[in-house]
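Given below, in the form of structure tokens, are the structures.
Both of the next two complexes hold chain A, though its partner changes from chain B to chain C.
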Partner chain A sequence: MISFDFDYERPGSLVEAVQLFLQAEEQGRLPLYFGGGTEIITLARIEELYTEAVLDVKCIPGMRALQVTGERIVTGAALSLNEVVQANVYPLLSATAGKIADHNSRNKITLGGNLCGRIIYREAVLPLLVADSEVVLAGPSGLRIVPLRSVFDRTMRLEKGELLVQIHTPVEAATASYAHVRKNQLEEIDYPLVTVSALWLSGRIRMAVSGLLPYPFRSEEVEAALNGDGSVEARVEEAVRRLPEPVMADIRASSAYREHVFRVVLMEILEAWEAEGGEWGHEG
Partner chain B sequence: MRDEREEQTREAIDGATSSEKQSGQSKHLGLSSGLSTGVSSGLSSGPNRVQAREPKRYNITLPVNGDRHPITVRGADTLLRVLREHLGLTGAKPGCENGDCGACTVLLDGTPNHSCLLLAVECAERQVTTVEGLGDAPIQRAFVDRYAFQCGYCTSGFLVKAHALVTTHPNADDLVIREWLQSNVCRCTCYQEIEEAVKGVLGGEYG
Partner chain C sequence: MGVIGKSVTRKDAGEKVTGAARYVNDRHLPRLLHAKYTISPHAHARIKSIDTAPAWQVPGVRAVILGEQVPILTGPILADRPPLAIGKVRYAGEPVALIVADEEHQAELAASRLVVEYELLPVVNGPLEAFADNAPLVHEDIESYHNHGDVYPQPGTNIANLFKIRKGDMAQGWATGDVVVEAALGFPQSDHAAIETRCVQAEVTADGQVILHTPSQAPYEIPEQFERFFGVPAGQVVVHTPLVGGGFGGKGAVQLEFLAYLATKAVDGRPVQLLNSRERDLISSPVHIGLEARVRLGATCEGKFTALEIFYWFDGGAYSQMGVVMNKAAGIDCTGPYRVDHVHVDSYCMYTNHPYSTSFRGFGHPEMTFVIERAVDLLAKRLGIDPLVLRAMNAIQPGDTSPTRALLDYSNLGDVSACIERVGELIRWDEGVRQEVGPHKVRAKGMAALWKTSTSATDAGASAVLTFNRDGSANISVGVVEIGQGTRTVMAQLVAERLHESIDRVHVSLDVNTRKDPEHWKTVASSSVMLSGRAVLQAADDAIRQIKEIGAVALRAAPDDLAVARGRVFLRSNPAIGMPLEKVVHGYRFPNGNAIGGHVVGHGHYLMHRVTRLEHETGQGKPGPEWTVGAEAIEVELDLRDCTYRLVRAAAVIDAGRVLHPHLATGQVMGGMHMGLSFGSREHFVYSERGVVLNPQFRSYKLLHYGEHPEYLVDFVERPYLEGPLGARGVGEYGLIGMPAALANALSVAAGVELYRLPLLPEQIWRARGGDVR
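After this line comes the complex of A and B, so read on.
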């Protein structure tokens, strides 16, 4: 049971959502945009989150867009993860989203919610980072389209009152070879020790990682090492050496074990890629 | 170029506005307080957790198992709590109340969900099915025949989930069965029997 009250409102447009947000913010009601709301509900129950107003944005036009145009794949931020998986407009995104949480929860968790959440893993961002996706944001200054990487630095860096509306992904990402590997400590349903999403575009590997550090990341330095010369072992070692900061330790694994798992995953991906080549989708 | 993209996006969203409105997807709720009402007195509460405003209550209609229930709820009420405490439908069980155990599984418009992760107000005018609404669904007989439970606490959640599985995927393979059933936990570890019950229904043993 959630021990405090909050108002629930369902704006019918982006303009109304932003207006309601700013109004509630001005009133000190700590408003939150509400997509799937799973994180809001669970954290509110244990009193790690407080709000007096949630704005359910799922029914706002455009928030559930799903289409492939000539140049890009458009996915609305309010699509559930299972809807994204089933639509399969971008195989690496489907592979990644299909491993987040459990089947029931994926009917509720939204793509935008996973990207904007407080949880440290936010794995749905990985395939979007490697594809150089763009995001459509609505806020007090209007609508803007910006590269995801310009607003995603460990977390989504949105302006006050800003709302993630859509993600636009270049269509070439949908046909590129890819790899998605998620390693868990105990069950299949668990937070990952490490999750790696990789794309091969123009003969180079792009890679984003979750679970290793307390935030998801894509590192140009790490990618440069993986795309460098030398044996697979040497490239993997160099990639590990170039990690932006020391590997995380928690109840699931020590830092050393996580790093070992990461090394094994990189070897698995690179060796499989070099053995297979061509059009290829590797999941593990 | 970006201006042009923004214009296209804006048009796409505007276009969606008209089509989605026609299909009724952007309806407002029949809330007891309008969206623009309930403005606070200006006495901000915030992190000190002293709520100065009178919290809203929402008069909604909740269709459950074919019956329409007019009820008044808090915005923060979960569907699980409302089913159990307002409607007396105790089939959905509070286990973890954190979306981890599946004991509270219900169908929302035919799709399995953890009812602890749904706000009741979100579900207004949507079709909710609990274990009480499964009627004579074959999966129930299959659970009995296979002894697919011991203490029974998780059973109603498993039944709802398994019923949705066999009706959504009548030809489900092991991978699909595994993916779907991973949403539910049985501390008595009846997993083998539960899987056999599902396969019994999928195999046509129950008509």
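After this line comes the complex of A and C, so read on.
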């Protein structure tokens, strides 16, 4: 049960949404954009989140776009994860999103909510980082389209009142070979110890990781190590050495075990890739 | 009609599959107020001050109650627990203040607004820390607590109870043996995690009657405790228990009932509901006990067990509740179902600054079975004897005595050897116990044998009343709680069997009202079919006797010449001469209007006999009426790289004495296995260095999900228990008891290292393997 009162509004346009947000912000009502609401509801009931105004953005035109044009895959930020999985416009995104939370929750959790939320894993960002996706943002000064990697640094770095509207992904990502491996403590439905999403484009592996550090990341240094010369084991060791910071520890695993699991995942992906000679979609 | 041994449709099936079944929280009242409690964020701290003003500022608040306003101590055995903390808090999650408000969210908000200032005290963060010299004391003056049982707290220490077994001559036991294995084992506390969180509605009527609606496993114990602690005469307290959404022992403890009563008293007796959120239910209400243990098992080189020494330190948490009986229960059956002539056990229940522990399915037995069964596997490896063969060789038999020197016979002891043999067949033990199935994958099997007697009150009993409707069908009134186990359906089967009646003409209501339904001790300890089953059989016999008396007049025959079957009473020698039951069960009326006889009301009762208290220095005595026994096994597939594993197949064979309802019995065993695997593989509390539970949510406290379970194989052995209803033994808890031990044994074989701690998380296995897996 959420013990405090808050207003719920459902703006009909991007302009209205941004306007309402800024107004509420001005009034000190700590507004939040509301997608599926899973995070807001579950954190509010244990008093880890407080707001006096939520703005439900699911009915705004364009927020639920889903189409493949000549060169890009357009996914609206208000699509539920299950809708994204089922549409399967981008197999690596489907594979990654399909392992987040559980089926019931994925009926609610939105793509945008997963990217912009507070819970640290934000796994749906992984396939978008490796595909060099672009994002459409609506803010006080109108719409802008920017590379995801220019605004995603550990979290989405949005301006005050800015709203994620759509994600545009190059179509080449949909046909590329890919791998997604997620390892949990033990339970299938849990936060990950390590999630890796990888794409092979132009003969190189691209990889983004969640669970290992307290934020998702794609690292050029780590990728360079994986694409280097030497045995699979040597490349994996070098990749681990190049991690941007020490591996995290929490109630689910120590940093030593997490790092070990990361090694196992990398070995699994690279070995399987070399064994198959390049044409595959690997999920583990 | 032959309904025994048949899987008749459950009496609660329709309500449950349609979702119409009503639980306490489904009962809506127009004037219902709501209570919530503020909890301590600290595991051990002095309460310096409480500012209630911010709570009073929340609209709708009607009462704020603090511990010092309720200067009483409660507890079923040792009265050591204030309903609301007084002076200091002893665990994180402990209720410190109670708020009553018009709406639930108002009470919740006020509870979170209340400001409590604490001064932190040193924390006792586990049972071994509690046992250490100079440990901080969780309770300073345990000698002052009222003691309502055979419990021996030791003043000046954190020992809430010490139970001892002294059997045989240890020096002789060690001397006769050739080898000794030893190990230190343990696991943290966890929870029952019933789907229905605890919820109580309470009111006090104008004439002073206390009315409670609660999903309790012990509704008849509540009036007794209200009299003891609040001075309300037991007869003034009425407890209603509707369907209960799972309890697993956790709902045997009386806790929210006290708080809900304090809440209603503070608002002039108006009905108040107190509903636990999941987070509160996991840590504020009592939990599953933790354990640290040391075991030494000696044997001859042929494999004959000669001596056993065990030290248990149970993590009873901040208050003793049933923990001080669970350490005894573990001690009395410490050997497992094996003959050991020389036994030395010191079993401690320790106070710690953890959530307080209470009964959990198996009551000390899954815990002690983990200890002994790991030791048996160590011994098998040391001796090079097949673990199944070693178990079969030492299986306890009629004529042997239990650790408390109770004499076992063909009735009070199930057939251990038959269970071990059959479980070996089910799991295909002879095909090998370890097999590599891929470059990094190993399949392995492990097993455990098990037994348990009930450790109930020595006078635990039940009674039953049978009445009849105008169509001649019967109504059973008993005090067993319907908690998903289906006992009330079995009661209907027993009556139908005795009356030779269709099961559809025997009715049971699914709720308990302590003022109307005759008492059933508690719905715990796998003893409900035993206690209430014997009572309903006697009630049925009593009703038949009365029916025959009336029928004898109506049919002009001797009562002994009559029979009752298929809804009729008739001449045994000529069934055509008779009449339907509806003509006699409310007295018989002659054609001229005269009537004789009266309403038939069958009455029956049953009390446990010849169970004794146990001698303090040696544990000698007869702790329970009978020992149900069994054997379980599991096959796992371990990935040697990351040490994750899959549960492949699990088997259980239980000696049920006689299986009354195959689907229900199988369901009980299978559910128990699932729970045991969940506890053994993942369920546990993670404590901070300051003793705070860090995972009080299903987001972080994980249970074994459907889909991750193994293939379950369940079978029964039937060596009748001559006192049981139609030969039946209790089965409710037994599926759980051996599973954690069997899983640890299987994974130890698979991993090639000995695993001594639960839960068996992959990281733990990886560490035991030295973290070097390639």
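Heads up, the rule we're going with is that the second predicted complex is superposed on the first by the 283 of 284 C-alpha atoms of A that agree within 3 Å, B and C clash if a C-alpha of one lies under 4 Å from a C-alpha of the other, contacts with A are read in each partner's own complex, and residues count from 1 in each chain.
FYI, a contact is a pair of C-beta atoms (placed from the backbone, for glycine too) under 8 Å apart; a residue touches a chain by one contact, two chains touch by 3 or more.
All figures in this text were calculated on a predicted structure; none of them were measured in a lab.
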item	value
A:L20 touches, of chain B and chain C: first, second, both or neither?	first
First (chain B), second (chain C), both or neither touched by A:G113	neither
Partner chain in contact with A:T42 - chain B first, chain C second, else both or neither	both
Which partner reaches more residues of chain A (counting touched residues only), chain B or chain C	B
Contacts of A:Y257 with chain B and chain C, given as first, second, both or neither	second
Which of chain B and chain C A:G28 touches, first, second, both or neither	first
First (chain B), second (chain C), both or neither touched by A:E188	both
Touching both chain C and chain B, counted on chain A across the two superposed complexes	1-2, 4, 42, 45, 188-189
In the complex with chain C, residue positions of chain A that touch it	1-4, 42, 45-47, 183, 185-190, 251-254, 256-257, 260-261, 264, 267
Partner chain A, residues of chain C touching it in the complex	104-106, 108-109, 112, 277, 279, 641-642, 644, 681-682, 686, 694-695, 697, 699-700, 702-705, 707-708, 761-763, 766-767, 771, 773
In the complex with chain A, residue positions of chain B that touch it	2, 5-6, 9-10, 12-14, 16-17, 20-21, 25-29, 31, 33, 35, 38-40, 42, 44-47, 49, 51, 53, 55-56, 58, 74-78, 81, 97-100, 102, 105, 108, 111-114, 116-119, 121-122, 161, 179-180, 182-183
Contacting residues of chain A [partner chain B, same complex]	1-2, 4-14, 16, 20, 23, 27-30, 36-38, 41-42, 44-45, 50, 52, 54, 56, 59-62, 65, 74, 101-105, 107-108, 136, 143-145, 165-166, 188-189
